[in-house]
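To keep things simple, chains are lettered A, B, C, D, E and F as they appear, and every chain counts its residues starting from 1.
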Amino acid sequence: MRKNDRRHDEIRDVKITRNYLKHPQGSVLIEMGDTKVICTATLEERVPPFLKNSGKGWLTAEYAMLPMATQERNKREAAQGRIGGRTHEIQRLIGRSLRAVTDLESFGENTVYIDCDVIQADGGTRTASITGSFVALADLFRKMKEEGRCGSMPLLDYVSAVSVGIINDTLMLDLEYVEDSQADVDMNVVMTGMGKFIEVQGTAEKVPFSRDRLTEMIELAGRGIQALTEIQKQTLGGQF
Amino acid sequence: MRKNDRRHDEIRDVKITRNYLKHPQGSVLIEMGDTKVICTATLEERVPPFLKNSGKGWLTAEYAMLPMATQERNKREAAQGRIGGRTHEIQRLIGRSLRAVTDLESFGENTVYIDCDVIQADGGTRTASITGSFVALADLFRKMKEEGRCGSMPLLDYVSAVSVGIINDTLMLDLEYVEDSQADVDMNVVMTGMGKFIEVQGTAEKVPFSRDRLTEMIELAGRGIQALTEIQKQTLGGQF
Amino acid sequence: MRKNDRRHDEIRDVKITRNYLKHPQGSVLIEMGDTKVICTATLEERVPPFLKNSGKGWLTAEYAMLPMATQERNKREAAQGRIGGRTHEIQRLIGRSLRAVTDLESFGENTVYIDCDVIQADGGTRTASITGSFVALADLFRKMKEEGRCGSMPLLDYVSAVSVGIINDTLMLDLEYVEDSQADVDMNVVMTGMGKFIEVQGTAEKVPFSRDRLTEMIELAGRGIQALTEIQKQTLGGQF
Amino acid sequence: MRKNDRRHDEIRDVKITRNYLKHPQGSVLIEMGDTKVICTATLEERVPPFLKNSGKGWLTAEYAMLPMATQERNKREAAQGRIGGRTHEIQRLIGRSLRAVTDLESFGENTVYIDCDVIQADGGTRTASITGSFVALADLFRKMKEEGRCGSMPLLDYVSAVSVGIINDTLMLDLEYVEDSQADVDMNVVMTGMGKFIEVQGTAEKVPFSRDRLTEMIELAGRGIQALTEIQKQTLGGQF
Amino acid sequence: MRKNDRRHDEIRDVKITRNYLKHPQGSVLIEMGDTKVICTATLEERVPPFLKNSGKGWLTAEYAMLPMATQERNKREAAQGRIGGRTHEIQRLIGRSLRAVTDLESFGENTVYIDCDVIQADGGTRTASITGSFVALADLFRKMKEEGRCGSMPLLDYVSAVSVGIINDTLMLDLEYVEDSQADVDMNVVMTGMGKFIEVQGTAEKVPFSRDRLTEMIELAGRGIQALTEIQKQTLGGQF
Amino acid sequence: MRKNDRRHDEIRDVKITRNYLKHPQGSVLIEMGDTKVICTATLEERVPPFLKNSGKGWLTAEYAMLPMATQERNKREAAQGRIGGRTHEIQRLIGRSLRAVTDLESFGENTVYIDCDVIQADGGTRTASITGSFVALADLFRKMKEEGRCGSMPLLDYVSAVSVGIINDTLMLDLEYVEDSQADVDMNVVMTGMGKFIEVQGTAEKVPFSRDRLTEMIELAGRGIQALTEIQKQTLGGQF
């Protein structure tokens, strides 16, 4: 049995607090169990060079952890003078995931910055970042729409993310840290509210896995995504 | 009149939440008005090279801001590959201030890391960092004492910090951001609970100031420190 | 029809030249169509700190492109003073993929360095890097075995990688650059010779994809892997 | 008694050599005892981005030490690839101090660069840098005035700096290195020729200090500043 | 006797393969014995700031080694975050050498990038880089001329480079690695096809050398250059 | 005619001030015309990794310019976060030149640091650095010998350096800045007191040069070296 009597196919308790910060147009604190991430969405009135004069906008994401978010203090990347490989990998994933449900042509030559800062880490920080950032992004776009800066909501669908793992030959949904460190296979799935895939990343940490296992993991992830989409809808008060 | 009917010689509402994070031995969220800082204290079992085989411990501090802590998004120092001058200045100040009330010879060859991460900035982030970190440090040392890792509390006194400014020839205590940006003179004072000085930093931003003004600012700061020490005592539940 | 009358479910012409360089213990030039990568495997007699005194070895990979490997000259990462996110992502993938078929406990406290340097890029440089590096790695381990530095071959299985994409609703195997830049979905699959999965990474570049499409892409990738494993076997002259 | 029969309230011998270098518009060698700093002032015809089209000028300072200025060779910051916290702190202080007596609106959209390079260090390098740079700055502005590039001298007052310390409960003015390393309290004071304060930075290195001690230190610093202002006046040959 | 019965005054076997890569306008693989370098020449439509609006073009060179080009794996400069002194020295030499035979005023405000990537190193990588890059440059300029982007060939002469060394008091031409590491004196000479000097760099690695020895080395280098010029002419099919 | 009635084959006025700084064991200010360089020599009790347990010592050099040493302010390399190619080239040359006359086996596993800091630049900073550093090095070794840290002087010969150029077809010795910027050919020669060559670096800046010109330049450099050796001898008070 998992902590707090959680079933194998159950996600952790999720709490999303909107308008968590004063300054950014969209900001949430997402808590998935003990994992806590501040996600913000802000607009800057410029685009990267490759989009100059294209009429299109852009969305990019940055991700970081507080030094004491983890059990062992992790060194600040600023102090080391370089961003590590894991951080690069995660922030590129967050950016791709949110761009996939954003109509980049509908809000002018502006760039949305998504910032995900992990306050406390207990597994699943990248998936919580995607799920939480979507809500912050929806809040930013709502404000832009109210201010007449975009005609309709530039969102095509909901998006959320969840992990699945295989531990001792058992499939488990939404791994926390102690589970993650024992898993033979670790998969992160990003899906839309309509049940379409945006990203599938499965990695055999210890033992290669079969086609059947792959199919089961994808199925289980789908159930987690449904639950998360429902929570996003409730948090946002119905359709965005 | 200041925001929320605050008087010129009054500090903002202060709230210190202990045990804010799961992993570090000491952690608080300090809120001074809209300024919010997470302060943590953790121990690592090693000292910098200059203290090897000295039998003494060390304490060092790091400080950072979330990109969206400020009104305009500030760039991550990790992305820029270097820590800026302002950050260096602040984290050195925090380290010196806490070392001044810490008995570095009483907890072995270990290093205390103080991490101050500004979640939301509205003026006075460096002074809030010092005031909050003291509480996190006391919690760390209490745990060490309970675990028998140090004989007595390695703390010599309380320490807290507050700012004073001159705006339109009026002295004001504990400036928030809009006040700070108008101030002719800006002073940060770090004092012990016993009313002794650890650090005095006064800067004429626009107009040089007289000896009398200096004396008045120091006096006013002392009143702010008394109020902060009282809050620290209540938060910690009496004598550390 | 694709270039050179290639069918949708066909990989490009593959040529693997062993012993391509004089100095490293294992080195190949792999050519997949116009994509050319030099892959080398070398041993250093030390392990990263986390494995000191563990008795275990390690394998790590680095990846780079010559500036003129691509159509537009890409800037050297050395000149920019930092390794980009894409490079980090790729070299971590190569390392994980090869570690998954390597018995890290069988060759002492040594580190295998895999270096993949793209001489010419025409799509699929990360998958070619994995497929080619496996052969270089097998050659390194054969020499170690001959020299009595490991009892048996430290390889558990073959490993190779291939891409699959969806272009105009058609599935295509092993995309070259012009195809890759038009694809709606891009998937990289790393599998063993026995047909087990090591890594599945599918990304909706433009349009989210359905569960059926995911299943078809995985199936098609499997066929590519079979062909690549066969070529690896022939190149290595039978069982490793 | 101090070295060379110096009294507790006496500054070291000061020598300021004007026009020390050939190229810069203003350049001095300042010697305070064995501390020797080359200070230069030069003009560049551009301003930082935040002053573009403001009609205002700017002044900024840089500070460095030769590797062999100190007893132990200190590593070049260029070789380490980053400027340390102490350097940042000092060059920001020098810049603020000189800006406080400069009329930034009177010499167009130009930037004054102050460079302070410590040739030999024996305590008080930051205060000597400020005192010497003022003379270099006055020489630069005189040349600009002669060339008709500014109507009147853009200087509002003299500025100089001095340190005060407490050693074994005795106040001392203008500490040299061996004194500085024993001091319980270390204070740097920057004042104008008219006796107004620009910057007060007092730090308890070992023991917190009382309000009375603070008052005495400030008083003693004032006497040092008077002596330094007098020397600046003589060096510059009367009123600037 | 030297390896492969080479005489003391003989260069190694040279092979220059033109059009080695698909994308760059000029690209060769030069092999001098076991030293192998890919040299490319490409044009970018911009010049460095100091040539803006001058009507002149520029030529610059970059040089790097694959990690496994040498016997011991050399660390990637990208991973170290900085370009080493040896690399700087070599790429500046390559740039100067080619600029000396290029008419920079004849091809507009464009920059030629020369990239030299050492695939395998066995001594003389800098001289091989210069000799090979000249052929790549000639090919680039031929294409530009055919496309009407420059009136005449912007080349004033051939250029090639060779090393000479003194080993056990014997002069040797075109050192390979094992010879180079034993040499008392090491000289690199860059000359034009007409026999004029562009660069002479002689270094006493162990024992200072006399004027007579200097004269003999220069003479011997001249013979090597003649042979290399002849090979360049044949490779390019007669006059450029 | 040259400035100050200097003849074409004459070096500038040279002045070498010994014991220029208080802390380093050897330190000089060398002035060649308006070029002024502080050269220091200091010992550290460790060697680079490749010499550990070899019983041999090492000598290394660093070179830098003050920002205002040149007519236009040059940016600090520390502020840019990297050492430029020209600096690397020069400091490697200084190191090689001094190592060539140093008996590295005679002073134990210690490293000599040579620091050359250009205070004022008017051409020939690298040659002045070598000539001046030799004197600082001799002073360091004398002190070591007096302290019994080495049996005999670890110096094999004198070493100095000078430049020669061709301007309008006229050879000139020891170029100052305005001459250097007009030169068609620029040569730096490093020689011993006995007249042997340590380094010859000749570069055609604009026009390739003939063998005859090369011979003449080398001859002229030899005369400059004789004069410099004489000055070194007088400065050091006879044989070292």
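The definition used in the following text is that a residue touches a chain if its C-beta (ideal position, glycine included) is under 8 Å from a C-beta of that chain, and two chains touch if they have at least 3 such contacts.
Just so it is clear, the structure is predicted and the values come from calculations on it, not from any experiment.
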Co-neighbours of chain D and chain A - touch as defined: B
Chain hops separating chain F from chain A, counting only touching neighbours: 3
Chain located farthest away, centre of chain A as origin (C-alpha): F
Between chain A and chain E, centroid-to-centroid distance (C-alpha), Å: 51
Euclidean distance of C-alpha centroids - chain D vs chain F, Å: 33
Between chain B and chain E, centroid-to-centroid distance (C-alpha), Å: 59
Junction residues of chain F, two or more chains touched: 81-83
Successive chains around the closed ring, taking chain E as origin and chain F next: E, F, D, B, A, C
For the chain C and chain A complex, residues of the former touching the latter: 82-86, 88-89, 91-92, 96, 100, 157, 187, 191-192, 194-204, 208-211, 214-215, 218, 222
Chain D-facing residues of chain F, complex: 21-24, 27, 34, 38, 40, 42, 44, 62, 64, 66-71, 73, 76-83, 87, 113, 115, 117, 119-120, 122
